[in-house]
Amino acid sequence: MNVSGERTFEAPRATVWEVLNDPESMAKTMPGVESFDVHDDRHWTANVKIPLGLGGLKMKVDMEKVEEREPEFAKLAVKGNGVGAMMNMETSFTLSDADGGGTAMVWSAEVKILGPVGSMGQRVLQPIVNQQVQHVLTALDGQVQEAIGRGGAPATHGAEEGVSPASPQAYEAEPEGPTTSTED
Amino acid sequence: MDVTVTANGTTYARDVEPRKLLVHFLRDDLDLTGAHVGCDTGNCGACSVILDGVLVKSCMLLAVQANGASIETVEGLAEDGELTPLQQAFNEHHALQCGYCTPGMLMSATALLRENSSPSDDEIKKALQGNICRCTGYWNIVEAVKAVGK
Amino acid sequence: MTETTLAPAPVEIQKGWGGQSVRRKEDKRLLQGEGVFVDDVKRHGMGYLHFVRSPYAHAHITRVDVSAAEAVDGVYGTLTGEEVAALTEPFFQISSVPGANVKDYSLAVGKVRYVGEPVVAVVAETRELARDASELVEVEYEPLPAVIDARRAQDPDAPVLHEEAGGNLMWSGLYSWGDLDAAFAEADRVVRIPELHFHRFNSTPLECDGALVEFNRGVGQWTIHTNNQFPGFAAIMMGPAMRVGLDKLRFVTQDIGGGFGNKITSHPQLVVCCLLARKLNRPVQWTEWRTDFHLSMSHGNERWFSDTEVAVKDDGTLLGFRTKALDDAGAWLRYEPLGGVIWAQVTPGMYRWRHIELEFTQVATNKAPVSPNRGYSRMQHLWFTERVIDIVAHELGLDPVEVRKRNYVRAEDMPYETPNGCVYDSGDYAAMLDLALELVGYDSIPARRAAAKERGRLLGVGIGSTLDSGTNNFGQSRLINPELQFSGNNEVATVKLDIFGEIVVTLGTTPQGQGHETTAAQVVADILKCSVDDVHVRAGHDSYWNSHAGFSGTYASQFAVTGLGAVKGATEMLAAEIKKLAGAVFGGVPADALELADGGVRIKDDHDAFLPFMACGAIVNANNAGLPEDLDVTLNCRYVYRPPFEVPDVERKFGNLTLTYAAQVHVAVVEVDPETGAYEIVDYAAVDDCGKRINPQIVEGQVMGATAQAIGAAIHEVYEYDEDGNLLTPNFYDYHVPHSLDMPPLATGAIESPSPFTPLGTKGMGEGGGAGIHAICAAIQDATGQVVTDSHNPYRRVWQLLQEGARA
Amino acid sequence: MLLREVEYAKPGSIAEALELLAANEGARALAGGQTLINVMKARAASPDMLVDLNGLEELRGIELAGDGTLTIGAMTTYSELMRSAEAKARPILGEVCATIADVQVRNRGTIGGNVCSNDPTNHLPPLMVAVRARMTIAGAGVGSTEAAGSGGVGSAGAGAGIHEREVPAEEFFLGVYLTAVGPGELLTRISIPAGRKDGFAAVTLGTDGTCICNAAASVNGAVRVALGCVDAVPVLVTADSPGAVADAVRAAGLQPPSDVHASSEYRTHLAAVLATRAAEEAAAR
């Protein structure tokens, strides 16, 4: 399935680029990240537990930067392997200076989920993927702000608040809230 | 875990893994192979049994959940080999072909007839919705259940 | 809700058991849960098999490591593709080149070609443990691009499944009969249909495949308890692959939970079970689960018909057609490319057009392999001919009823030789249509249409008329591959009289609910003049006892001809032997002075001279001293029925491909909700003509079942894949099969046109459900006014049709 | 069909259930199991422990208060709800439950399990939003109120450090299989205010089958429609009259998922049609 969209960051392009190309920062945007290893500046691996509501899905995720044109375009190939599911994703983002200041990012991701989890059907997976993508974007925002805090290039405005303008999604606090069972 | 159930009047005690489904417990541990497995999503109803008086699909329950329960399966319907009126009606109306869905179908119809002794066509269809049959198209099954109801 | 209407045409009432709706003998055990299905069979120490399946539609296998799985306590062992490649030969290919070059093994070797393909097998102490361990098998894949749409399979840049075949083309053949040029020259109109699509589904028998395999090391023989419905075919595939003679493969089945053709091609999985039973020296049990079945077993042939041209006269007279059929075989040719000829059994459908050209192409795609499915290959073609009729009627502004009646093969033309040499044995299609229309109250349709409109609903009525050709002439396989040495057909029955007078019948068939035990008993009882209750038909099939022949099994609408033909032959032999014996016992009474009656044999003119069967059985089996030396009587009679067939002309692709041609005409009335595209079948009639009916209730049951499957296929059932080859309907959650509430009111009717070619005037039947798929398509076309080009019409597609109509 | 290894616990009280859930990170509550067991069969989920709520009588039952408010225990089955005389006070509840799955599933499946699973095709999440249901969640941790311990339906009992909080349905659903019920918490009961003017419409896969798209409506002055199958959570749309509902749905900018049963476009269309039908049914009562 394909998910795509646009996002504006209250930060200069260089900062956003820096975050997007920093394996450590990127690993932290993964949902339910438990650990990660950086192999080199183009390859890194994260161990994640993706919250699926009915239980966390443990996955080893290998990422490879397959293309980049600093400071505007990059493409990542992501392969996830877990018991019950395999995920292949190709994601790319294009950065430009936003009209009102800050940085605009146009992104798209082609996500493929294979295995038993994949058989749960698109009706379930598509909303889950959409939600996880929102999670990643929100986390990315946080990483951008952190980078600014670390002394990255200051944002043109909004930086003085020092907090992300995007309010965290309620579910993030309890990403694996147990539910009673499910019948329908 | 220890599980004790009474199935068709006989009490069985077994040690089972918690993950074992009731249908596998009945079929593999108790040798009650009448309840069948026709799907893996709880749709087909071939595994239907009556658990403490309630019609359930035994593939969506763990065996350990049935601890202490009384279970009725298709094997218990005909006493001493004497077919019940419902079983006879299935034979008379050609309500079965391959016979794979039949045990579940009979349990669903039995549960219906206990609650409603003369169900209408619509009530019968509604009661059998959870039992898939790939051979008969259901028409003769509905006729058979209706014939017992009258 | 069912209203059974018998035909107004006179039905000859037979005396005796044949023709009566005798209650089924099978039912008593099945109603008590005492049937023996394959998963009910258990053996001491058996291991449970679980398959590791491919998550990719197309990928190289770069590494397989089973060590972690094998290290688990309770795991008995594994089998990999590499081992299979060493221990077996590739399966024999039916196809000529290029399909002949395909190397098909029972596990993936080197490459996977569809999602769900078995890659490794793991055997363990419990079902759950086998699956646990299978998760520890490490398989590394190098994904390859996949080809999913058959129409793209022959593109120059299309990924190739079988490099040995040099491309994705598996088989192609041009069929041409009559004079197409003359037909188009004579035509007033040429109706062109760019593309029609018959979708991928199957009958999803409620019981999936399975086996319990034991290996007898001492004699080197495997006993394969399985629900395979055509053990003869499985044996032919398995023996050479496993490098053993067929005597080493013993197939045993008792009850089978539905087959519908879908249980013909389980031979790869059975080979895996055999290899593991030998390797691990213990019985191996395999249960296929529903998702496994959907992912990997026996999908029906998906077929595209493109560039169709139809030569017609203005009055609707059909002269001929030409079309290109593109058939999607999926990843392997497990029974294919026989679908490339089976359709030709019904080349002109029910119509008299004489000029027909069809270019058949079969390609491989990265989807589950196809295999026979109820109505195998004829259903696709008959849906096409029916679609042509209604599209022609639509284009010419004619009534589909009239176009059918004008073109149907007429009763007075029977037996009718089709352009390709098939001989339709008997039938009155127009009478069937009249009866079907009467059953739905066709005259009231205009008024009901108006009433529906007032309620905001669009009413439509549609017809489907199909043939149910039965008793194959396997010589047709030579049209696919002239090298093949198959032709004709056969089936076996033995009937014996045992010591206490028990009449014991053994069949070569593998019934899956068709009531063979009952109908065989009816035939025997009529000949032996006894009660059906006195006839004991053995349940199931066991190849150990030689009561089978090369084509034994239950498939392709043939039992009523081949099975019962064999039963009749064997019983007549037995009856003759009983008379011979009695003649000797009575002191030299000639056979024609004797008759069978009341469970014994007597002298016609002296009923006191009576020898009960019990005495006959006892004398021959246990008290035979003093019998005349030349008395050649065993009371154990085996008969092989062989239908009268010639080898077809391979050059002209001409000859009779099946012995009988039963027919079904269905009429569906639908009401469409124009706002949502959802629709409901509000009325339905199915009329069947399968010649003499031995047991009308069983025949009606087959008609009902086929109708229900047609309704499911037409509205909901589809194996749909995404562009990466993931199956989107892998279980009953998304693959919706109809349940009781989905069934419309049904009226059934019957006409009996006895077959002049069969021992009992019967015809094979049970596969006429394709009529229903078309009837629903036609009804939707009628309701929406839009031409329907797909056999699968879920609500979303009907909504699309309505949108297109609104835009036009 | 074959589950991964799992531990099984059958608590004797809500407090014990909460303790088990809090003490075991990988524990899941098992209600009717009519979805969870199936997901476990597919091994798409494999909790370490199942805490079986069957047998906790305090989670069952239906009470009708003087002001017409219905309180329904989370472990009340669909069948119990359909048969309940009290539940007839809000007829739509029994009517919709009667169209969920089949008899066997309705005999085991629970109203709490349904809303907590929040599968996008479920019937009850949109219905709960439409009728302004309020969900009571109990936890061993800090909550807004100490459990009252009245002994009523779904009451967790006095003291024992159990806290309860109430969440309105529109804030309860957070994602597919995700709700406001957090780790170590349980949904204990659902309360539904008085009302009769409700409607429900769906296009389903087969008669009374899985929803392809559905809509629940309630009219109380304004029209309140909640749409199912179009997003991870029910989408609430309000309008002044049933006639204005379709436009309101169109204005909501839905971007439903596409799947094998419906394209995004078709679902968007169905949403407007079904919302109107549900609203008309509600208004006509």
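Going by the order they are written in, the chains are A, B, C and D; count residues from 1 in each one.
In this text, a residue touches a chain if its C-beta (ideal position, glycine included) is under 8 Å from a C-beta of that chain, and two chains touch if they have at least 3 such contacts.
Please read all numbers here as calculations on a predicted model, not as lab measurements.
For the pairs B-D and C-D, the count of C-beta pairs in contact is higher at B-D.
The mean-CA centres of chain B and chain D are about 29 angstrom from one another, to the nearest whole unit.
Spacing of chain C relative to chain D, judged by their CA centroids, is 44 angstrom. One simple way to say how far apart two chains are is to compare their mean CA positions; for chain A and chain D this gives 30 Å.
Chain centres here are Cα averages; for chain A and chain B they lie 49 Å apart. Multi-chain contact residues of chain C, defined as those touching 2 or more other chains: 127-128, 135, 289, 291, 728, 731, 733-734, 739, 741. Contact with two or more other chains is made by residues 83, 119, 121-122 of chain A.
Residue positions of chain B with contacts to 2 or more other chains are 17, 19, 24, 37, 40-41, 126, 129-131. Chain pairs that touch one another: A-C, A-D, B-C, B-D, C-D. On the side of chain D, the complex with chain C involves touching residues 1-5, 42-43, 102, 203, 205-210, 212, 259-263, 266, 269-270, 273-274. Interface residues of chain C, counted against chain D in their complex, comprise 50, 127-128, 130-132, 135, 289, 291, 675-678, 716, 718, 720, 728-729, 733-734, 736, 738-739, 741-742, 794-796, 799-800.
Chain B meets chain C in the complex at residues 17, 19-20, 24, 27-28, 31-41, 43-44, 46, 73-75, 77-78, 81, 83, 87, 90-92, 94, 96-103, 106, 121, 124-126, 128-143.
Looking at the complex, you find that chain C touches chain B at residues 1-2, 21, 23-24, 26-35, 37, 39-40, 42, 127-128, 203-208, 255-260, 287, 289-291, 512-515, 697-698, 700-701, 704-705, 707-709, 731-733, 737, 739-741, 743, 746. Residues 83, 86, 88, 112, 114-115, 118-119, 121-122 of chain A are the ones touching chain C in the complex.
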